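Chain nomenclature is as follows: A, B, C, D and E, assigned in order of appearance, with residue numbering initiated at 1 for each chain independently.
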């Protein structure tokens, strides 16, 4: 029999307006087990908390019910309060009489009646509550950053700065990510490589940072503070430790028809390659799809020219397992495939390009050496049409369209227009847009410069069709403001294709048990208050993998994620969640059904010796739950026919007591 | 209206005493403030709290107490934990009395008596000891051996020292299992102490306590020359209905709740070994 | 003893089990947005819809509930990854069994309600309460001992 | 057949392969056969019996028997082998302590069926072609074998032995059975009809627990209905709710694990067709998640533990017309 | 005096009784099943050998509400919810079940009296029904019961297309006298007596050919410990499933449990059948004295065949109805136990 105190919050008038709080307190006084009940204006205030604490001491309360707002709001607050005076925090329950009562019901009588009912259910639960103590687990002082773009690099650098070891897993042969492919950045028009390559070097040279390039995460086990991650190091056929990055092999390689990913396939590279001059690590990689030696068993030139003897054709994929305390997802984005948008003729004409391709065409290190030449005939385009929102802000997903705004397109298009005009002032540039969105520091000024200073033609309207004809692209469009149809004979069309999450992100999210929204952006633990944490403890989000962002935002978030990681790694031990499953070994038959449904692999089996009533002993297989791994979902409890498996804090008897109370 | 054996009466708890860390004594009267029913020492009552449980508890107080009944209860299960948590003024349910009780007016009458108790096993003997004290003239010399794990586990220590030890022609021997500070009495297990004390076989003995203690004490008494027929024990634990019908407390053809709970060891010897 | 379903004072009793991460938050959001639904709906918070044991549902009917609704994250969005997939199978089979025993199939329901779907939570509850009100009191799985009056 | 079994049992005992044999022993009548552990060849020769009345599924006894010292031989009819596999899947048997012998089964008969058919005073029963000839105090009575057979045997799902160490007779085949016909008949009724049908059946339940205790899937150390802390503890049904509750929960607990051996219905003293509840689950599982036969192979994952992300039916399928 | 009426008049006879008091008769629910039901016009009495459940339910129902409690604050209110019981008639009880009432009476009516049982018992008039076609599982004869001439308050035979009625006790006579048997064409002549005697003779002859005819219980009252400790129990109990089907269909098993049910607005205390075969039957906080199925199995049969006779002048707590012979899932039954006891002795 517990001695329970019931505390009813007015929440100003939020509750008190539709719930007779005094009547709730009075009703509580008649519930068996309740020895004290009162109401107060703001229970969550310091004086409200003191009121609870004083009553616990004065009446020797063993359990507390707070009738207030949602437990998702203040359960922690109140549990902390009672814990501060020595009561087990799990002896406190919240009756949600605000969000689920006073705010949804208008009639005071009805509201009061329901509030009383909810209070009684909470009392019934407290009556059966047992003190719970969280287990402690040590924290592995090493972090993993998945993705080596600007987000991943910044996070890694910040973590390393705080003195913790950090590994970067990058699927490409080099870090650097999308930013390394950019020419200039908006709104300052400074050189992207000039900013990012020094960062890459910093990362590469940092003692605390280890880069697993050309690698992927294939499995994640464990839990916050104690992840065990399997990293697949794809066969590179070049020994990273020996390769000096001299590049001789790439010069000699006879196979020169591999599409160059770095330039988005706009030109070709050799089968053995270094993605670009500033690559980190600057190590060659053999593309197994194109290497003659690997495919046909003839050639071997690279091996012959390599003085460092770094070439190893027998290389295989290797898996390593590394322990981490925290994991940061920084998987970034891809440009959406726009080939389904037939009207823009992307698949039909090489002169219809995406913005990122355009970026490479403008870049000094790009396929054209920085000279703007259109892909089809390497002539300089005179008239360029930019189409905004291709695949973005589209409700129809049949062609892969995205409902969201890709956020960066307006600004980079303005940048492209200006840069083009800078180099080739005689170029006619048309930008077709739905809206121009420029909410950022110096963004609108930047856009206005494009229009006012550079004379870029911004046309509010949609492009209906692009038809390649006699080396031209006939762009048919509508001008919504002038309400007229336009036809433009363009030399190039640049599509501001939507950005979408990295294609590997969904699989990674499954491995991390991190949740994603319907667009496959990682979900944050709280959209306002915990924007860089995933709901899965110990997994953090950095950069665009959480949603479209520009570079400064990405870097800011990367730093924020790093600080969360540092906060976690700075702890020696982590208190677990005590609301986990446990198995009553006297009842368990070891049938293994619970392990079958456990998504975390938290259940194992042991053979145990039991004394029988007739004094004989019997060895039985019984389940054991690892409380550090269990997340407390309760799937196992339902699959267990005997009820041997139960969940702390949400036990069978507690839930049934709530049912009883609410049905009364 | 016929006497209803199975429908309980309401009793009010008027006093609660903490005897040891896990034993409390509860004083119970009827709602009219008077004793619920009369009983014989060694008889039991079924105590219950609706929805919590029901348990057979021996009546600790002597029938000679006219105002109330008392129950010394050890906290072991759901019901007893509930009882331990309650406060005075609480109502509980009581039915009884059940069982045969001690043969205080037949076999015991005029005899020298030896009471041997271990731990909470004193509770059923408490009633008979105080009954015998109240009717002192009917009985001969009395010896009491009482032992527990430690000093704080000795039930009714205050009453024992203040009253029993002062009683004429009555010796109380206390013992605890292990040495402890502040205890200058005997240390050792009850069965050994009984043998050391070398009681005369003229006494009629009553043993109550944990099964192991009963077993070894009986052996000890036999070694001293006691016969099975002069040693009694009580086994109230197994009853459910209390009226010899539910079929739970049988030992062979005997119903503990009707034919017991008090048995002499020669009676038990004739029963199947299932207790 | 009130036996009739046409009892004017009768109000359905609805138990809603809501998973902590999606549906309970969805219900909270309904409150935050002051969206109204009948007070007959009483919510029990569970960590995940997969925590809901068929025993709880039967228990609710025993104790006089007229309808039981389970709410969880949309399939694919479970905070615990797979919990609602288990719920989906278990409850499909359980509901089918109840139907097989002739218990009104309209009295049990599973709905996926996300944390963002406050309005949907309200719509679902309004609809469910309406449906149960139309059906009348639950008689086929009730324990007469638990009837209040 | 019986002689062959006796010989094999004696041989296995003699050559030390096993130290015990689990089989059936004869009783006072022709039909009252009791599962028995034989420890000697003499005992086997004297008491062992195998006939049309040996319906008892011996696999559940192996939970306790395989815990003991030494190896035990067990005779398993085809449907018993499914239970055996399921128990293996659930780690309930010590396989090394079992020598499983698959034996043929042509369908089993219960004396109850004979009594129900009005045949009393039975002294002897013999098979004569498709008929059973019963010698009774009231003269000779004949009954078609398939009329006398247990329902589970009339609708036998499989004569295949899915696991054995040794086979006496053919391995057997999975059969095309009509076992879901009765379920379908109920599904075709209105809910009201179904409710009154089940109320009529389940209200007779006396909660003797024979169905549970005989069930090879009910192997809990402590059943929820025996556990005062479980919230569903009850020893006897006070009303219709408790009647139904017990059987719904029990059927749910064995759903995906029940091999449809039919023991529950065989032993029910009230002749409640309990197997229909289990079969409804089996049928639904087959329909929704693909054909699944519990116990078909060792180590199968129960369909209630598995799921598919995209294709699983929503519970609303029940409201939308049910699973057929 | 034996009264004869035509079998065709049986429905009218039942109708007449039902007009006097509440009447229960065995009714066929299917070819498998006959149960006692309250009579209503049109209901036909079952002629089956016996009902599936025994007639003990009338006096000792499976679930018996005892009292209700309400708790508020520290107060407890006790409510005895029993209402006045009306007189009623149980019609068509077989000889074995009639004897079982005697067996139960010796338990429930022994001091202290069980008022719940007593109340039901004293308001009942039992009209028994002689067996005409016993089965191989019947062995009431072993316990000195005459299936062809059952006890009760009144008895009935159906033979030769006639119903024969005979009052036994005052209660039974009173019931018969309250009926207008003349209207049913009743005759009470010597021929009726002779016809009944012939019927009894016929049934006795049949019984002699039954396999269990020679089965006789041995009086083991003086061998309590010997039999208790005999080695037979291990083999007998070895494969017992520990279910309660034998105890629940048994007309003489009377173990019960007392439980509380908290309905949320009061606690209902009820008693219900329990089975000594259940492993939790004697479970207490400190463990159980009957640790394995052997002890529990032994208890049941020792009680029926040894303990009960010791307490009740040699009367056995078995009436040979044969229900457990038919219902036990593994066919381990009291006959096998009796034979084993005999062999052992």
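Everything that follows uses one rule, which is that a residue touches a chain if its C-beta (ideal position, glycine included) is under 8 Å from a C-beta of that chain, and two chains touch if they have at least 3 such contacts.
Just so you know, these numbers come straight off a predicted model, no measurement behind them.
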Can you list every chain that touches chain C and also touches chain E? A, D
Measuring centre to centre with C-alpha atoms, which chain is farthest from chain B? A
Write down the chain pair with more C-beta contact pairs when A-D is set against A-E. A-D
Of all the chains shown, whose C-alpha centre falls nearest the centre of every protein C-alpha atom combined? C
Find the chain most remote from chain E, comparing centres computed as mean CA coordinates. A
What's the distance between the Cα centroids of chain A and chain E, rounded to whole Å? 72
Distance between chain A and chain B based on Cα centroids, please, to the nearest Å. 69
When centres are defined as mean Cα positions, the distance from chain A to chain C in whole Å is 33
Distance from the mean Cα position of chain D to that of chain C, given in whole angstrom: 36
On chain A, where are the residues touching two or more other chains? 597, 639, 652, 656, 660, 663-664
Multi-partner residues of chain D (each touching 2 or more other chains): 224, 231, 238, 304-306
On chain B, where are the residues touching two or more other chains? none
Mind giving me all the chain pairs that touch? A-B, A-C, A-D, A-E, B-E, C-D, C-E, D-E
Which of the residues in chain D end up touching chain A in this complex? 67, 89-92, 219-224, 227, 229-231, 253-254, 301-302, 304-306
Would you pull the chain E residues touching chain D in the complex into a rising list? 30-33, 35, 49, 52-53, 62-63, 65, 133-137, 206, 209-212, 238-239, 241-245, 247-249, 257, 259, 261, 270, 272-275, 278-280, 325-327, 329-333, 335-336, 339
How about chain E: which of its residues touch chain C in the complex? 261, 263-265, 268
Using the touch definition from the top, list the residues of chain A that touch chain C in their complex. 70-72, 96, 98-101, 103-107, 110-111, 113-114, 117-118, 121, 510, 513, 515, 535, 579, 597, 599, 631-635, 637-639, 647, 650, 652, 655-656, 658-660, 662-664
Within the complex, chain D is touched by chain A residues 586-593, 596-597, 605, 618-621, 639, 641-644, 652-653, 656
